[in-house]
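Scrolling down, you'll hit the structures one after another.
After this come two complexes, each holding chain A, first together with chain B and then together with chain C.
Then we have the complex of A and B:
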């Protein structure tokens, strides 16, 4: 960990480009802040290393505070660098993020995760910490100090398109998760009712899962185009060979396996002694399901929703290729124009959203487990 | 039908009851009459049909042929959920709902019966006290925070919640360690002496059956092999199977475990009462003969002093009296 951070210091942290096309000039920590900055960073690293030497709970908490602070300050440091390096009026000059900056971010995040794991904080506290970091980043963005960042230059060039794409992406994912949850719940219940359905359903879903996403989009193209041509009302609804319809169908198809499997396993795994007792006490089948089976299955089902949502967030990016829109649009535009910052404009929000959604659902499931009195030993 | 008679001596009647699962016959035309207030233990090896028999009584399993009557009324004529709410049901501790607190678990059947909340709360406190669980400490706990013995107490409390006349217990102490198991058995016997429920108790442990039962029903391959009191079974096992369940050559010790020291001891004579110091070894009058014999074996003595519950010296037990029953009482 310390080693990686030291390596990061030697690498250029940021680069300054006069415009979008010209390659930038790399700047290391030394050239940015001189010996004083280097000494400060080294001191910080030494402090962390010293704290890690004797990992008591207090030392770990202190490290967490330090690492968290570093992460929160990272965007603000960038604001300072941008203000110093660029003269006002250079409207097309931009700051690129260098290998060192990314490495630093990576190492700090790694340290953060490790510390969170070791400290085993309450899930909602963890979620709150993540949110605080996100807010710091957001505030730095809003302050305008980062406008000269290459990424932000790309953003300002197309902010309306970005917001529309973001909204669209989230809407698509939400719709996919919602619809596949309904379908999966129905399937899981049907499989519990007629156990013969189980083998068939799971094999079909597994096969669906193995089709590469682009191939599935392609496979849907022809039949949907045919249907839209045949029944004009479908076309009026916006269902065509390309666009949101095939993307939506394909994403739901991919979501069904994890969602159904988790829902089924969750409902099935509820201890038979518990349901037996419930019946033996005189609960009706409906009461057994709603008061006993479903609440006990919920944490595992939430896990299914989490997997599905994270998967859909990523896959929806690919759907941009068939004109489904969303944040993936920027990725493919950027790739086409060899503009890495544009790619990042699409990719970074996707990663961020995926991480936030993942964290939120994990925290919810764990909180639910604890509320049900089934937390692990340190609950 | 007005044939329900709540004062008849027989409360549960099984009449040629059979249960078939496909081709296999789990329970084969058994007939059994259980009197009100009796603790009846069904005992046998696994797969003998004892659990199936128990679960047919509250219709968790429907019988294939024959009749089961409670208070003279065929259970098929009663709505199954109404029937079950009238019958207490306790199984191994895992049957508690893990997502509900102890208090909520215990209040389950009263809630199903739509008792007012205040009455449920009062009943839950009453039951916690009855089972020796401190309300302040346990009411808000979740099952995973309880020890095995505590969880099982809660299970029994839950079964008793709506004050049912009949209690069905399916290996309720099966998952407990021997010491906890013993104390819960004692506790149930103490409760039964107060409450006089009709209890049908399933176990595979003959020692448990011998200790608990007013009547033992030995089952094998879906049939009743023998029924009777513990003493009757020990005196005359019906066949080799019952004999092997009774422990074969350990039978003598099992019988000794059912006999109280008081039955065999010699009360103190007035001369002894004067304070002659015999051996320091002593047993309580309520201890079993088995415990007394064990002490004698261990310490290599052939007589013990007997104390009463208050620790007062009341008599002595000689090895010869322990081994051979004498009809003379001085």
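Then we have the complex of A and C:
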């Protein structure tokens, strides 16, 4: 157990040693900070490995603090590197993030995850830690010390377009989730009323799911273009073959299966004893639905919303190919120009948003479950 | 039921796929009804057969890697000495699922360049997660009493793995592989945006040139491919 824990924390950390920054000129940690920096990093790793050797709660807390500190300092280290390596006059020089940097980030995040798992901190502390790390990154960005980063150069070159794309992406996803939630709720309720509807609906929805997203986007282009040409008022609404309309329809189509399945299962899973008891207490069918069935079904429905939202965030990026805009635009522009930092500018926010939404909804569902668990215990 | 009889549905889909793949040029008249304004109606830069084979190759290689790595990781962390990694692997698998495939694809390009390699890597990463998750669920879902009696019979760890755990977890693991492969058949089409030759090529050419016939050809073949493989797995699971 002790040995395995050491390996869990020790192995990935040791593999950081080939630490390289800036593959443009291939600057290693050694050439950046000399033996002193290398020694400092090695010492840090040794300290972590030593702490992991005896995984007592105190040692784990201490390593959590260390890892957290490392993560918080990572952007500041970049600030320092940027300040040292680039002379003030070089306005077009830029610093790229090398493989070593990403590896270091990955390993540190892995260690953070493992430590959080082991310590089983309270959610509040977890979110506090995340917030502190985000704040450190934000402060480093605001300080202007990272402006020479290639990623930041791309951002400053098109900050207005970036903000517009970000807003647009979020709006599209929010609209898709909202509309598909409404549709799915209607469908689920209808299926509860008429059970014959169930089989047909689910098989249609799962066939929809097998059509590749790229193809569905493409297939919607022509009919929508035709409709827009035929009925000008549709075109006035912004519904055209190219643009948000096909993306929106395709995303809703994809969202319906997970959303409807979860809504249906959630409503169906509520134990019949509970609803019987509610009815026995003299509740009307409407009251049973709104005050008993729906609240109890909410955690599973939230799960459906989470899956849908995360999926829509990723698929909306593909929609950029059919001119739907959003953050995917930068990815495909960057791929077209072989400008990898532009790709990052599109891909990183998408991943971050997906992770954030995922975490948020998971936490919300967890909180709801816990609240209900407490309610049961008291009631 | 005889073996051929059982494979009827997948064989039917495969037959349809091959027929459509080879006879697509003969269907020009049908596509003229759909896209009357376009001059060329059949995608010609590559033969459909070579695109289908290439698409299958990409998905096959990626799925094979994903199966080996995914099942391997899941089996390792369910052994006695690997148990400490279990929460980490489980959590990584669920976090990885939130990474959008386009983003993974895009991020693989700076490291691996354009073409088939980054596509395969992205497909492996994306296909890993259902396999890891289902293998874990399958092995952990085995009745502890069964494991106890296997140990009581004097079976070695390796024997338990091959003769008890894997056979019992087989349906769940197969379901995971099925999800992974089906998702990857659809996702591989996006590989065309980074220069891999897949059935996404006609779709992208169609989007760029505003040619619905091209899009339809790519989409039809991908859908048939997915249905074919999916029904094959359905049969395997029933056995």
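The rule we apply is simple: the second predicted complex is superposed on the first by the 345 of 379 C-alpha atoms of A that agree within 3 Å, B and C clash if a C-alpha of one lies under 4 Å from a C-alpha of the other, contacts with A are read in each partner's own complex, and residues count from 1 in each chain.
In this text, contacts are C-beta pairs under 8 Å (C-beta built on N, C-alpha and C of every residue); 3 or more make two chains touch, one makes a residue touch a chain.
Being a predicted model, the structure only gives us computed values, none of them experimental.
Shared-chain residue A:282: touches chain B; no touch with chain C.
Contact with chain B, but none with chain C, is seen for A:372 once the two complexes are overlaid on the shared chain. Once the two complexes are overlaid on the shared chain, A:296 sits against chain B while remaining clear of chain C.
Comparing chain B with chain C, the partner in contact with more residues of chain A is C.
Judged by the touch definition given at the top, the superposed model places A:355 against chain C, while chain B stays out of reach.
Applying the stated contact rule after C-alpha superposition, one finds that A:271 touches chain B and leaves chain C untouched.
On the side of chain A, the complex with chain C involves touching residues 1, 4-5, 7-8, 99, 110, 113-114, 117, 210-219, 221-222, 241, 310, 313-315, 317-318, 321-322, 328, 331-332, 334-335, 340, 343-344, 346-347, 350-351, 354-355, 358. Chain A meets chain B in the complex at residues 271, 273-274, 276-284, 287, 292, 295-296, 372-374.
Touching chain A in their complex are the following residues of chain B: 55, 58, 60, 81-86, 89, 91-92, 94-99, 101, 108-109, 112, 141-145, 158, 168. Chain C makes touch with chain A in their complex at residues 34-35, 81-85, 87-88, 91-92, 95, 98-103, 106-107, 109-111, 182, 185-187, 189-190, 192-194, 200, 203-204, 206-207, 210, 212, 215-216, 218-219, 222-223, 226-227, 230.
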